[in-house]
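The following pair of complexes shares a single chain, chain A, combined with chain B in the former and chain C in the latter.
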Partner chain A sequence: MLPPASGTGIFVNSSEKVIRLLRQGCTNRPFFHIRRKNQHRPVIEQLGTFDPMPNEHNEKLTSLNYERIRYWIGNGAHVSQPVEQLLGLAGFFPIHPTSYMTAWRNRRATKENQEKSISVEADDKNEVKQ
Partner chain B sequence: MLSLTHSLRSLAIAGEAIPSNYKYQAVRWRKPRWVPKAKSKIFKVPERPVIPEEEKLELMRLYNNYRTKVKSLRSYLVAKHCTKFQASEDPEEQRRLFEEDLQHCIKMNNEWNEKQRIFREQAMTEELEANLSYARKRLEDELIKQEEKIKAIEEIVQKQKEAAKNFILPENIDEAIDKALENPVDYNFAITLNGEKIIGYYNHKVGDKNENVVKQ
Partner chain C sequence: MAAFRLVSKCLKAENLSSAHFTIFKRLLNYSTVEYDEQRDPRPSFFNKDIQNLLRTLTRVDLHKVFRRRKLGDEKVRDPEYKFMTDEELQEALQKAQQKANSLLQIPPVVPARKPISKILSLDPELQGLETSKMVFTDITFGVKDSDRLIVVRQPDGTLCEAEWEVKNRINQIYFPQKGRSVKPPKMFQGTDFEDLLKRQEYEFILDCACIQFEPNDPDYQRITSITYQHINDNNGFDKLRSTRHFGALTFFLVWHKNIDNLLLELIETCYADEANSLIELYSKIKKVEFEKTNDLSMIEHYIKKCSNKKGALELALQAYKEMSHQKQNIEKGIKTAHGMS
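Showing the complex of A and B:
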């Protein structure tokens, strides 16, 4: 029998615990449960969900159980980078540097694109004038 | 093993026979580990990502800040939620709470014991009474049974005394023998449907005229 999606609640005290994303869902349709998990063992507890596919309002839906996350971090659980990013965006943690990095890179890319399009338009106008 | 050999065959690498005791590690390879780099790619060096110096410094700064903040947050959460620390917090208070709890438990236990004691004593007296009455009843029954038995025995004795008057004793044995000889009884006869006795020829006494005599 498979363990339940909400986790088994069974764990060894001395084992290392991680709050990380665990891929559920199916092919081309990822859906994540945020779980405390030690490797090679069943999930201990489900702490939230994350759907990376944007919905019709262009939103990526996330749910987090702050109380339990607080408890488990207090009891020495590690947090993986993607979850750190999520928690940063949610306002639980400070915003992760990689989030800043992606943001400024995206900004730069859009700016460059805009400049490129403007220059292209200007060239077109010049061509028309000549 | 079978699927492995099959995939090897499909890669057209398995020229030699594979020894049966050989251990394979299950990896999702496009190419087995022992197959060298492709000839066309031997001198290809992958390009390293170039991060500008400014960006690098900025990221370092951000990471340092981030780590400091997260560390402080984490230590706060540990102080608040860690089960180990909570257990060792203020031993005097813990002891006082334990003592209070213990006293409460003792009080509850004593109350319950008192209640149980009353109940137990009552139950014991009732049981004793029941046992005594049962014993008494058994005794009475036993006495009645014995009386009945004695009565039955006496009846038998009475009957036997009555019967003893007709017994043949050494004093009157001659008399009894004479009587018996005088009145011989012959049961060697037949009876007809009408109830007539038919006595045998040899047992027939002269003088009995009433009875039929048949020669056997």
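Showing the complex of A and C:
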């Protein structure tokens, strides 16, 4: 039988616990539950959801149960990097360095693309003149 | 009336430019009237005396309160007949009265809310990370919808609190309420709304608005105010009697000093005591004193002092006086004919 979406609540005290994303959607439609879980064991508790596909208002929706997240972090749970990034963007954690790096890389890529397109246009014009 | 006044003003000024034309083309329909925070209606509305007066004016008829309604989701059941002792009957009647009271609770009248513009942090270093907004919702158990923390990370890196419109949508997505939809239905906009008004489906509109919106929502106040104005102009008061919306309608009319049509209807249908309580309500909310020497003196004083439709009201009152006089005469005649005087 599949464990319930809200988690089983069963865990071993000594095992390591991680708050991480768990892919739940179907093909081409990712949807994540943010869950506390130890590997190879059923989920302990669901702490939220994350939908990476923007909706019609161009929003990505995330829900987080801050109270339970606080509780589990207080009990020594680890947080995976994607969840750390999400919590950073939510203002719950300090912003993760990876977020800054990705933002900077994206900005650089767009700038390079723009420069390339400008230079290509300039070359085209020169050819027409000749 | 507002449209009429504006038109006459324009005619006086004698400069009917195209700009003016567009203005009163819009005003010929009804314009939104909101309750604002500078003139807060809450202290008057939640006053116990005023609530009692509004309840009296609702004219509760239990047959209408417990009538079959167009709800769509419930099957019609056969009535149940029971044998009861007198005590049990009294108890059952009391229970029905309590149920009616809860069904007739007047939707609260509160000022329209202000837009939220609270910025939590500015991080321009995050520009380019996302092309869409990120909405984060706190789904902690036991938090009220109005207190729930919902924040938005904009593509330019600003972290701010979500606007009301987003908040309502997200609350409905994560904590759905029965009967409410994520997008406001089409019946509240444009021709669909006008069509409903034309068909005088006032109760349906107001019930749906109560489910879909919070009472401090500007959209709720737009819909209700337009409906109330339409009822007032088309004399549709009887459609709302014995429903929870009649109190809110009366409060709206009194608050905006527009009770002449309602008063006229009450006098014409010979409900003088209700007309009196309407004037009492007016004096309590608007802090105006009226003389109280005999039964109809308050109404007469109101007509002299504050009314906009003096002619019609005076005529109706005169007719009412004559009719009650005739009634007394007939009763007297019957009594003498029966040899009782």
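Everything below uses one rule, namely that the second predicted complex is superposed on the first by the 130 of 130 C-alpha atoms of A that agree within 3 Å, B and C clash if a C-alpha of one lies under 4 Å from a C-alpha of the other, contacts with A are read in each partner's own complex, and residues count from 1 in each chain.
One rule holds in what follows: a residue touches a chain if its C-beta (ideal position, glycine included) is under 8 Å from a C-beta of that chain, and two chains touch if they have at least 3 such contacts.
Quick caveat: nothing in here was measured; it's all calculated off a predicted structure.
K.L.:
Identify whether chain B and chain C fit side by side or clash on chain A in the overlaid structures.
P.N.:
Chain B/chain C on chain A - fit side by side.
K.L.:
Who does A:I10 touch here: chain B (first), chain C (second), both, or neither?
P.N.:
So A:I10 meets neither chain B nor chain C here.
K.L.:
Can A:Y100 be said to touch chain B (first), chain C (second), both, or neither?
P.N.:
both
K.L.:
Can A:L64 be said to touch chain B (first), chain C (second), both, or neither?
P.N.:
second
K.L.:
Looking only at chain A, is it chain B or chain C that touches more of its residues?
P.N.:
Here the partner covering more residues of chain A is C.
K.L.:
Between chain B (first) and chain C (second), which, if any, makes contact with A:N75: first, second, both or neither?
P.N.:
Only chain B; A:N75 stays clear of chain C.
K.L.:
Counting only touches as set out at the top, which of chain B and chain C does A:I118 meet: first, second, both, neither?
P.N.:
Neither partner.
K.L.:
Please work out whether A:G91 is in contact with chain B alone, chain C alone, both, or neither, and reply first, second, both or neither.
P.N.:
It touches chain C, and chain B stays clear.
K.L.:
Rounded to whole Å, what minimum CA distance do you find between chain B and chain C in the overlaid structures?
P.N.:
Between chain B and chain C, the minimum C-alpha distance equals 13 Å.
K.L.:
Would you mind listing the overlap between the chain B footprint and the chain C footprint on chain A?
P.N.:
The overlap between the chain B and chain C interfaces on chain A comprises residues 95, 100.
K.L.:
Write out the stretch or stretches of chain A touching chain C in their complex.
P.N.:
48, 54, 57-68, 86, 89-91, 95, 99-100, 102-104, 106-107, 110
K.L.:
Note which residues of chain B are touching chain A in the complex, please.
P.N.:
55, 59, 62-63, 65-66, 69-70, 73-74, 77-83
K.L.:
Would you tell me which residues of chain C are touching chain A in their complex?
P.N.:
The contact residues of chain C facing chain A are 120-121, 123, 125-141, 149, 151-153, 157, 159, 166, 169-170, 173-174.
K.L.:
For chain A, which residues count as touching chain B in their complex?
P.N.:
Chain A residues touching chain B: 70-71, 73-76, 84, 93-97, 100-101.
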